[in-house]
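Lettered A, B, C, D, E and F in written order, each chain numbered from 1.
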C-alpha cells in the first residue's frame, strides 16, 4: 500500500456570516472575517488516495486521471470564485474552511466511482485544506457518506 | 548601510474589471479574474528600508515603529478587505497587483515623514507584493512622488 | 469530524546537557548542542484538535479561544526564552525537542478543560514541533496522562 | 511515545518506461516522463521513527546514528544518481516514486536491525518522498516484510 | 515603473562533464555531479520584466503573453529533458546552472521582440534559476547581446 | 556576469542589551529580546558572489571553495553558538541582526583574498541574513572596508 497526496493551489473569496445569528453575534464570532464585502485566500488543497502500485507500470494511478477527478468534481467550482455567491452548498452553510473541507470531501467522494470505475483497488483517503500557511483543516474521506 | 525587509501577510479579495472596457474585452483581458463575484488571495507584502544601524542599540529602527507605520498607513485598509469595494483608490483603478504595489508604495511614502520624523537618516526603499507563490510585483519607493 | 491544525512560531534558546552524564559523555552524546553557552532555534509549534463543526457557525471552535489556550498554557512560557534557565520542567529534564514536545503536550492537556469547558465535543489530538526545517517531533495527546 | 521525522534532500534522475509495454503504451501512460533521455528531481525523503525518549538524555536516538542509517542504507545509492542505470532494483521495476518509496522503505527496514541493534525499543514507522512540492508518496514501514 | 517576476518550475537532468578536461580533472572539479549516468533537479526559473502598468487595465502585460513567451522560447526545450542530450547549446557548453542561466537569458532575449512587438515599453530585466532550495544563479538581461 | 547566491542555515542564540543604556531603556528598546537569559533563532545566511563562468568548466567557482570560505571565515564561529558570549565582536556591539550582517560581511571580506587568491575575477557582492521567515537584513560587500 502506498499513499499518494497531490497538492492543488486555488484562489477564492468568502465572507463568514451565519444567517441564523444577529449582526452583533456574527461580528463577535467571525471578527474581521464577517466584513460584508468579503476577503480571500490562496488555499492549498491536498488530496490523498492509497492502494497498490500497478506491477507493470509502477503507478498507483494515472496522474491525469487524478487531476481530472479533482478538477471536474471540485476545483472547477472553487478556482477564482466567490464561495458565498457561486457555490450552491454555501447558500445554506457558512463557507468556513471546516465546511469547505466537508464540501470538497463530499464532492470528491461522490465523483469517485465515475472517475475510478469498478475494478480499481484504490481508496480515497483524505482531504486537507490550508487556508493560510498557519492553519490547516483535514477530513478523512470515510467520514463522508458516499 | 544595511537594508531591512519585513514581510507582512494579508488576505483580501478583488475583481479585475476595467470600466473603460466592454464586457467582452474585460473577459478577454482578465479571464477568470474578471469573475463578477471576485476571488481572493493570501498576499505577502515586503517593505524595505535602509540606513545605518544606531551605534548604541545596533538597530536600524525600532521594530514596533516599522510595524506601526505599515499597519497604520496601509495594512489596516487591506487586511480582510475587498479591494474593489473598500479602498478609495480602486474606485478608479483596477486592483491588479501592479496597481496595488503602486498604491501601497504611495501610502507608505506619504506616511513616512510622520512615522520617521526629521533627523532620521533612514530611507524607504522598496515594496514587494507576492500575489501567489509564483508571482511577485515590486516598486522602488523613489518611483513615487512623495 | 474535522481536524484543525494551527501553527505557531516561537524563538527560544537551549543547551543540551544531562546532569547525570560526565562532561565527556555529554560532549559525545550532544556534540555542538552541548556548547555551554547554548544556542537557539525558530521553532514551529503545530497543535491539532478535532471534532464536529458547529452547524450554525460552521466553526470547530473560536480561533481566538484556540490561540488563548495555546498562548496561556505554553507559548507565554516559551517565546523568547532560554528553556534551561526559565522553564521549571527543564530543571530536571534535558530540553531536547523530544522532551519539549512532551512538556508542551502535557501543558496543553492540563489546560484543556479550563479553556474548553464541559459540554464541548472537541478532542485535543496532537502536538508537532519543528526544530528546524529538517526535523520534526510529534506526540499524540492521548500519550499524556491528563 | 514520540515520533521523530527527519528530512533529507537528494537529487536524482529517472526515466519512466515499462519494458512490458509497447512504445505507444509507454508514451500514453507516462507522457513526458517517458522521454528516452530521462529527466530529474530534487526529491525530499522524510523518515519517521518512534519510541520513548531516553530518561537520561531526553533523546529518542542519536541523531548521527539516524543519519548514518539513512545514508548507508539508501541515500548513498540515490544521491546524484540515475535511478534506472544505477540501482539494481530498477532493472526490473519502473522507477516511479511509488516504487521508489517501496525500495527506500525496504532498504531502511532491512538495515534497521544493524543500525539499531537488539535492546532498542524504537520502531521504524514511515517513509515519505516528495517528488515535487506538489506531490508526495508515503509508505508505512510495516507494509514491508522485513 | 513596476517589476513583475514570474516563477516557473521545471524538472530536468544533466551531467557535469567538460570535454576539454581529463577524467581525473572532471572528477575533481565536478565531484558527484560528474557521475556518467547524470542526475536531476526540480529547478525554479524566475523571469523579471519591468515597465509601466497600462492606465486602463492596470496590467504591465498580459499574463498569458508572458507565459507564452517563456514557454515557447525556453521551457518547451527544458521541461522533462536531459540537458546534455537534448539541448543543442549543451553540445559544446557544460550544463552548469551558470551556463543554463546564460542560455535561458539569451533565448528569452532573442524571442523578446517577437513576443512583445514594437510599441511596447516593457523591458526584460533578469533571469534567476534555483538549482536547489539552497543555491540560486542570476543574470541581468542586458548582459546578453540581443 | 552571473551572480551565485548560496544559502546556509545556522542556529545561534543572542540577547539584545546595550551596555550604554539603563535597564529601563534596554527593556523599552528591545522588549522581549532583552530577556537576560537570551533566546535563539534558526538563521539563514545567503552569500552572493559574481563574475564570469569559466569557459571550460562553466563554473563561476568551485562549490567546495565557496563553502570552505564561508565555513572557515564565519560559520564556524556562529553555528550552535551564543553570539554574546562566544563572539569577540559582540563584546562591544549588540548582536542585533543589523550588526550580525555587518560582522559577517566584514569577516567574509577579510577572508576573501585568502580563499580566492589573485587572478580571480570574482567579486564578493552581498550578504543577507534571515532572522525569521518574516525579516531579512542585507548588506552590500562594498560597504565594508576590506
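In this text, contacts are C-beta pairs under 8 Å (C-beta built on N, C-alpha and C of every residue); 3 or more make two chains touch, one makes a residue touch a chain.
Please read these numbers as outputs of a predicted model, since none were measured by experiment.
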Intersection of the contact lists for chain B and chain E: F
Most distant chain from chain C, judged by the mean position of its C-alpha atoms: E
Whole-Å gap separating chain D and chain E, where each centre is the average of the chain's CA atoms: 30
Gap in Å, rounded to a whole number, between the CA centres of chain E and chain A: 35
Approximate Å spacing (C-alpha centroids) for the pair chain A, chain C: 29
Two or more partner chains touched - positions in chain C: 133
Chains that touch, pairwise: A-B, A-C, A-D, B-E, B-F, C-D, C-F, D-E, E-F
Residue ranges of chain A in contact with chain B within the complex: 9, 11-14, 32-33, 35, 37-42, 79-82, 85-86, 132-133
Of all residues in chain C, those that touch chain D in their complex: 16, 18, 20-21, 29-31, 93-96, 98-99, 101-102, 133-140, 143
Chain B - residues contacting chain F, complex: 1-8, 53, 56-60, 62, 64
